[in-house]
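Working notes, structure below.
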């Protein structure tokens, strides 16, 4: 399959911090329109893996291509199609919900109608209130909306379920479905794997930075497109 | 075009946030006023000492306030988010330093008025020249401050280190600023010093975005 | 290794020769008497202090351009030596100034610039010491080094013009008319300290390389 047809192609992806390898020799191919669940114990390298794909970190070794764009040589092309939702909020407490949406849109070069996104996040009534007054669930929803409005082809979610209220869970469902419908892919890391499994097509387990297991969670038609090397 | 939108959005965000709280600007202004008071009292104001005291107050207040402005609250996490938007990092530099320059310009105007009162200076007839002197200085201060703030993002003790590194760089700017202000107040020709500050500003505005880009490249 | 030892021997030989010329052979100055002999230490110290910052500049630029670790090591080592020799230059300058001109300090451009150079070095070394990860820290240090070293001439001229274009400096360090033996002593000392600088630099860089090699081999074991 041509590389641009695959959302992510990683070959020997490694990231060291000083003496410690947080991610070690991860190789996988993720097709379009699929959701990859990454599970593993704390410190297994899940967040580092996501941050590498988000271009927040550079690999120490290995090659990665996101929709054909090389991570190291074309980071801006990768950023154009990727949105990363970290564990913490990406919102500014001192700005209103609407201003946060407008800011995210302006910074990512997207033109949006803020009201639409506030509605999707269920924050339309509090559009003009400062985020400082929001509950944690509301902040998480706003953070997700900021990523969603960029209409990413690759969505990276780090522990998306933490701090979410019922509205937030529905939002995550809608967000993932939307990305998939536009032929994009999602990678989500969580240790709430029951929830994660419901939403995902594929699952890999990281331990000690290594990819130790990969499974297909849905029909076998997906398995042939996924190659993941495990034990070393 | 997109770059201008990004830089403007960032500057607007920073200024909005500061406007809503105004704590840092207030603290800086209060501190600068205290410095002016102290120096004015102990050294005494003369036509040659007044510009110096003005610039010392501005310089010290900048060094105190800049770390707070740039490293505030969750700034580190928020800064990383900024880096992950598509587009050149140079836009981030322009946005941040424009916001900083605006705040420092406001501080300068406040100090001018107060110094006018304390030191019996006729600032009103020379206002354009004095504001011009301030703008020249403030542009240089904010460009260097923004660059160094980004440089020290991942260095421990960065709030203390920022003034230590900035002082030697600010020194020529402050010296030139004093002479330009002196000239503006005295009505005589400060042309040479204006050129010095102008040159410093231009060189820094050319170099700093590139260095900013180089240092925010992920490792 | 052998080259380094030879360099060290050469440095010692030159230093001893320079000391001999400076303390024994050369005559005392007409005005300053024997105090002028401090010059044979002070001027070379100042020279090396500025040579170091130039080294920091060049190697920092090279490091940003080529990204080879050796440039980073040399820059770091040069800065360490720089702070040492700048301190010595300031100290010898003050020791010289007090008996000859009656004050420990004058506010002329050279002295002020040297004092600020001392602080620039310290800032640079602090950045190095406090960086959280070494690769990014090397890049940060390189940029700090480049801007800091470019700043030195700017400071010098700013201070010079600030003072001299407004009022004459209160004390001016006159140039010393030098008899040939004095010139010879000075030149020998300059050469001696330069060789000493290079020798110490190679020692320090070698140490730095050993340290990095050890850290890397530990990483591979893990």
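All chains are identified by letter, namely A, B and C, in their written order; residue positions are counted from 1 within each chain.
Throughout what follows, a residue touches a chain if its C-beta (ideal position, glycine included) is under 8 Å from a C-beta of that chain, and two chains touch if they have at least 3 such contacts.
These numbers were taken from a predicted model, which means no experiment stands behind them.
With A-B and A-C as the two chain pairs, more C-beta contacts join A-B. Of all chains displayed, B has the C-alpha centre closest to the centre of the whole protein C-alpha set.
For the pair subunit B and subunit C, the distance between mean C-alpha positions equals 32 Å.
The mean-CA centres of subunit A and subunit B are about 38 angstrom from one another, to the nearest whole unit.
Averaging Cα coordinates per chain places subunit A and subunit C 52 Å apart. Each of the following residues of subunit C touches two or more other chains: 133. For subunit B, the set of residues touching two or more other chains reads 219.
The residues of subunit C lying in touch with subunit B in their complex are 64, 116, 119-120, 122-123, 126-127, 130-133, 135-137, 139-140, 143-144, 147-148, 151, 154-155, 157-159, 161-162, 165. Interface residues of subunit B, counted against subunit C in their complex, comprise 151-152, 154-158, 161, 164-165, 167-169, 171-172, 175-176, 178-179, 192, 196, 200, 211, 214-215, 219. Residue ranges on subunit A touching subunit B, taken from their complex, read 54-58, 75-76, 79-80, 84, 86, 88-90, 92-95, 99, 102-103, 106-109, 130.
Residue ranges on subunit B touching subunit A, taken from their complex, read 2, 5-6, 8-10, 13, 16-17, 20-21, 73-74, 77-78, 80-88, 218-219. Contact residues on subunit A toward subunit C in their complex (touch as defined above): 16-21.
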